[in-house]
Amino acid sequence: MNVEVLLEEIISFIGIYYILTAGLNVKAGMTGIPDFGHAMFFAVGGIVVGNLSARIAAAAAASQLHVSAWQAVKMVISNNTELMARVNEILPHMPGVSIIIILFSVIAALILGGLLGWLASYPALRLRGDYLAIMLLAASEGTRIFAMYYKPLMGKTPTVGLTVPNAFGFTGNAGLWSTIFILILALLVYIYAERLYHSPSGRLFRAVRDDEASAEAIGKDIAKVRRDAMIIGSALAALAGVAYSFSPWIAGSSVAAISIFDRVLWTFWPWALMILGGMSSNKGAALSSVILGALLIGPIRIYKNDIAAALHVESLGIDPGNFANALEYILVAALIIIVLFVKPKGLIPEYPSRTVSKDEVKATIDKIARERAA
Amino acid sequence: MDWNLFTSTTIYASVLALLSLGITLIYMTTKVFNFAHPRLSLVAAYAAATLMAYYAEATGAQPNLTPKHSFLGSLTVPFSWEFYAIGILVSMVFGVIAALVEYYAILKPLQKRGADYLMLMIATLAYDFLLVATLFIYNTHVDVRKVLARIGVLSTKMSMASYDVTVVTGGGVFISGSFIFSVILIVLLGLSLYILLFKTTLGVKMRASVENPPLAEVLGINVERVYAISWIISGLTAGLAGYLMLMAAGAGNLKPISATSPADEIVVSAFAGSIIGGVNSVFGSIVGGLLIGYIELYIPNWLAIWTGNAELFKYSKVISMLAVAITLLFAPEGLAGLLKGERWKRFFGKKEEEG
Amino acid sequence: MDSQEPIMKLENVNAGYEKLQTLFDISLEIPRGKITVIVGPNGAGKSTLLKTLFGLTTVYSGKVLFEGKDITHMPPHERAKLGMAFIFQLNNIFANLTVIENLKLAGHDLSKEELEKRIEEVFETFPRLRERMHQKAGTMSGGERQMLAMGIGMIRKPKLFLIDEPTAGLAPKIAKEVLANVKKLNEQGYTVVLVEQNVKAGLEIGHKGVLVVSGRIVFDGPAEQLLARKDLAKLYLGLAV
Amino acid sequence: MAYANQEHEGLQTPQGMEEVILETVNLIKRFGGITALNKVNIKLRKGKITLLIGPNGSGKTTLVNVISGFIKPDGGKVIFKGRDITLLPPHERVKMGLVRTFQIPRPFPNLTVLENVLAAAEGNPGENPYIAGVYKGAWINYERKALEKALSILDWVGLIAKWDDKAGDLSGGQLKLLEIARAIMKGADTIIMDEPAAGVNPRLVTDLFQKIIKLAREQHVTFLIIEHRIGLVAKYMDYAYAMNMGEVIAEGKPDDVLNNPLVLESYLGG
């Protein structure tokens, strides 16, 4: 396999998973909201790309397709495959429209993800702990089933889904540029998440998680804090969904309800990454995404068949293809269990938030000591 | 009344009741929602299918689908009764093994290390992954394929529905063995749990250990053993659910068995049953599971007839999700709480009075 | 006071919870067959003292003796086997089980005849429990619950009852009833150590009175003598020196 | 302490001479059949330390919970700084300067000591997560000031050496100090303390109360203190209320209240 493609694929994977895990970390790690329905917010990104951006692309290409814009928009659902095949031939010649589509998708996903997070924060205010986890899991499943069979949203066949506009086609190298796009998003999210962590806000999230009554006693509006965390974390998940959907390496050329709602890939894996990295630790989320992407997932997704072949599993009567697929599950499961037993606080345990640097704090302490002496 | 809808719904509801019961028992004793629970049924189903196939192979039995006349009507028993007995027994044994491994190898050691509810929930997920992977490998194993093919079953989309015992009565009413089995099973299960919990010393100890572990321990009761017993019952019922999934694939919302199905689809419904049953009530969970099973299929059916839109049937699972949401938000004590009037007592400040 | 050897003895005990010391240099004798009442203001350490007898605290120095045997570092469940019964202030019964189930559970390791005999003894001491036999324990009144808690203890025929604030949170009338039942228990021959928040009512049923203030024993003698002290209230609050 | 004595004399002026900062009017609270508060009237005067005593179950903690807004009363009013706050949620009261501490300290265990105190800063613009993660300039100046204040408070309560330790690792006494530090950071002018001395080494109790007195005298912070170790703390108090069975049975100078036969009797029970 082409090294360049492999690299792009791994970087895309790391970027998407980091954004997704960072979002979960704001909700579950920092604020203590056990969101087992994270996939639902991720799916928002896919839906935005599959629906809104596809419709924009169709409308923009309408004149060249000799149909009215309105007709083209309607065809996104009614005649998806054929229409989008044509649109994707035209779109690469429209760099302006392409860029608008990308920007629009990012903004729309952030807004819609945040909106859904805001809605989901209502049960999060009423319920605590494991009940809330089950509730969000159920909500995610319910939405999944609804979206899967609701044709105006996901097309006629849930397994096929909607074809995605080739928004990076204008660059001439969609693989490379979508990877760069994901990388930039991931870096921006990292900077934002790290700043958030080291701000009074991050401190407040963690305080509410540690002791709600106590936070209330020092005058904090718990409901608002939890709502903010749900909005931010869910918006980030939707952003990851956009990154995923635009990536030809990871999503392919379509978004399908069956895969964007997958609770194993988009809820449980981020949980595993978060625990591996260290609950509440943003650096940990980044590190575990890099480790899993670079060391395990990339090579394993790519070489799993070779590994299966090298182990000669077929001589034991085991199907190499299935063994290879199972490997991923086994590794993630084993990793979670080992971390829970050996390093329950994760690779980079939660660190203090430095709103000002440690040195500055020390300098201030010295100053106070001097003033007192004087 | 649509008889076929009723029987297949009953089988599905029984499966849910069995799973909800298992989830509730584990929550009551180990204080964790066991995400891996429905997967235990799949392990049991694979074990049962394999051993049933081996038995058929060893005895050289061939499926015999010609109906016989009996006092019930025309009766079809494709294999000997031992064949089915083996299936039931093996599924129970493997359900228990899979459950005990989860408890002793993962959850109990983690609890000893002071893991919180989140870590335990994640650990059950990890165990679920391990089981999925194992089943992935198992169901495509060459020998397994061969053995299962011998009785005409695919190993990746496994269904033995065509080998179920069936009766067609004189009036032309079709009754499947799974339907009869599930009805008897639920009645027997309810009865034996009642006797166990309320009429035996062990049952009293179990209730005591769940309610007040420190006091039970002070009185010299082996609380650990009581917990182990609830894991055994949980595994046992998961195994039986697996057997039903195997024999009645296609009934209600049950899909043919693979590494992921029907556990992946049924998990929310099973939790819904447990939650509307009140999470801390054994009988509540059985009733809750049954209820979810029936409403999940009957409500969309009525809606479909009423609106004339058969598409609505696809959304049936949304109902269990709504049931979870409504129960948790408005009646967190579940059915059991409503029946006991706990909510009303809480309204009148019972809790504060106690403290 | 009785010339018999005390059932339990504390010698210069310093104790507390982990790092926090709450008892200072406590020496105390628990007479056999009597009711010893420990009183003192909140936070003075009276419950800590009782828990120290049962091994539920950390003992930094000093000795705890039971029937002459050093049990300073013996864990609670082994003390239970020696014949000590500790009745917690709260959650001391199984609320979802019936009265008879509670009692059967307490004697789960006894032979059937023995168990029946002992349950009969409990019912004779507390006839109310017989009336409530098949009622769920949680539906009984606070006083009846404490009665059942003592009944659960009686099934195991302990040599020593340690009872922690059985009247806390109960209406005065019911509290009186509970204390009367503690007295009944003693009349059956049981030795009792009682921590009681109601000083007067507690000392009235006790033989020996122990007053703990700020982690130290400030009075140790016959209960009626303590009760008769004019400055009792001030002594109790740590206002009199 | 000379200053303190002077203030004591001040108390002998007729009632109403000093500003009443907090007042409860006929508070009633019932739990089931039990009346936990029966027409309770108390007044806290600015800059004074008021003691609240009473045997177990007399309703002290219920009163504190009602005043701080954790429980809604069944009747009566709570008036703070002239405003009826009976129905105000707890955090709104905190914003007005009314802060409570817990009997069992409740820090944020995974946050450092400094983070615990800084979290109490009121109105920090950095607590808007949408801006905080993007533009540090929006809050850094506020934070620097807060930091200076927090550190001098920590210095004052004697926890400065522990500033970067996790609060969960502190001892019981240190946690009490941390609670006070948080309350001061909060800008509280009225602090309600449920058993501040409980679980604190007796040698440190004097120290703790010296700090409370200093706050009251120098910063005019008002205190309501529930305490059982009356013998230990009575000498620091300006005024006292005694409760029994949900009612105020005595009030006045601490010595008078403590020598009131009704009060003494209430502790001994019937």
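For reference, chains read A, B, C and D in written order, and residue numbers begin at 1 within each chain.
The rule we apply is simple: a residue touches a chain if its C-beta (ideal position, glycine included) is under 8 Å from a C-beta of that chain, and two chains touch if they have at least 3 such contacts.
For clarity, every value in this text was computed on a predicted model and none was experimentally measured.
The chain with its Cα centre farthest from the Cα centre of subunit D is B.
By count of C-beta pairs in contact, C-D exceeds the other of the chain pairs B-C and C-D. Between the Cα centres of subunit B and subunit C there is a gap of 47 Å.
For this pair, subunit C with subunit D, the centres built from the Cα atoms lie 35 Å apart. Subunit A and subunit D have Cα centroids lying 45 Å from one another. Centroids built from CA atoms put subunit C at 59 Å from subunit A.
Residues of subunit A found to touch two or more other chains are absent. Among all residues of subunit C, those that touch two or more other chains are 169. Residues 34, 55-57, 171-172, 195, 198-199, 201-202, 228-232, 234, 258, 264-265, 267-270 of subunit D are the ones touching subunit C in the complex. The touching residues of subunit A, when paired with subunit B in their complex, are 28, 34, 36, 123, 126-127, 129-131, 133-135, 137-139, 141-142, 145-146, 148-149, 264, 268, 271-272, 275, 317-319, 321-323, 325-327, 329-330, 332-334, 336-337, 340-341, 344.
Considering their complex, residues 68, 70, 90-92, 94-95, 99-102, 106-112, 114-116, 118-122, 124, 126-130, 132-134, 136, 139-140, 143-144, 147-148, 151-152, 155, 160, 163-164, 182-183, 186 of subunit D touch subunit A. Of all the residues in subunit C, the ones that touch subunit D in their complex are 19-21, 41-44, 168-169, 171-172, 197-202, 213-215, 232-234, 236-239. Against subunit C, in their complex, subunit B makes its touches with residues 201, 204-205, 207-208, 211-212, 214-221, 355.
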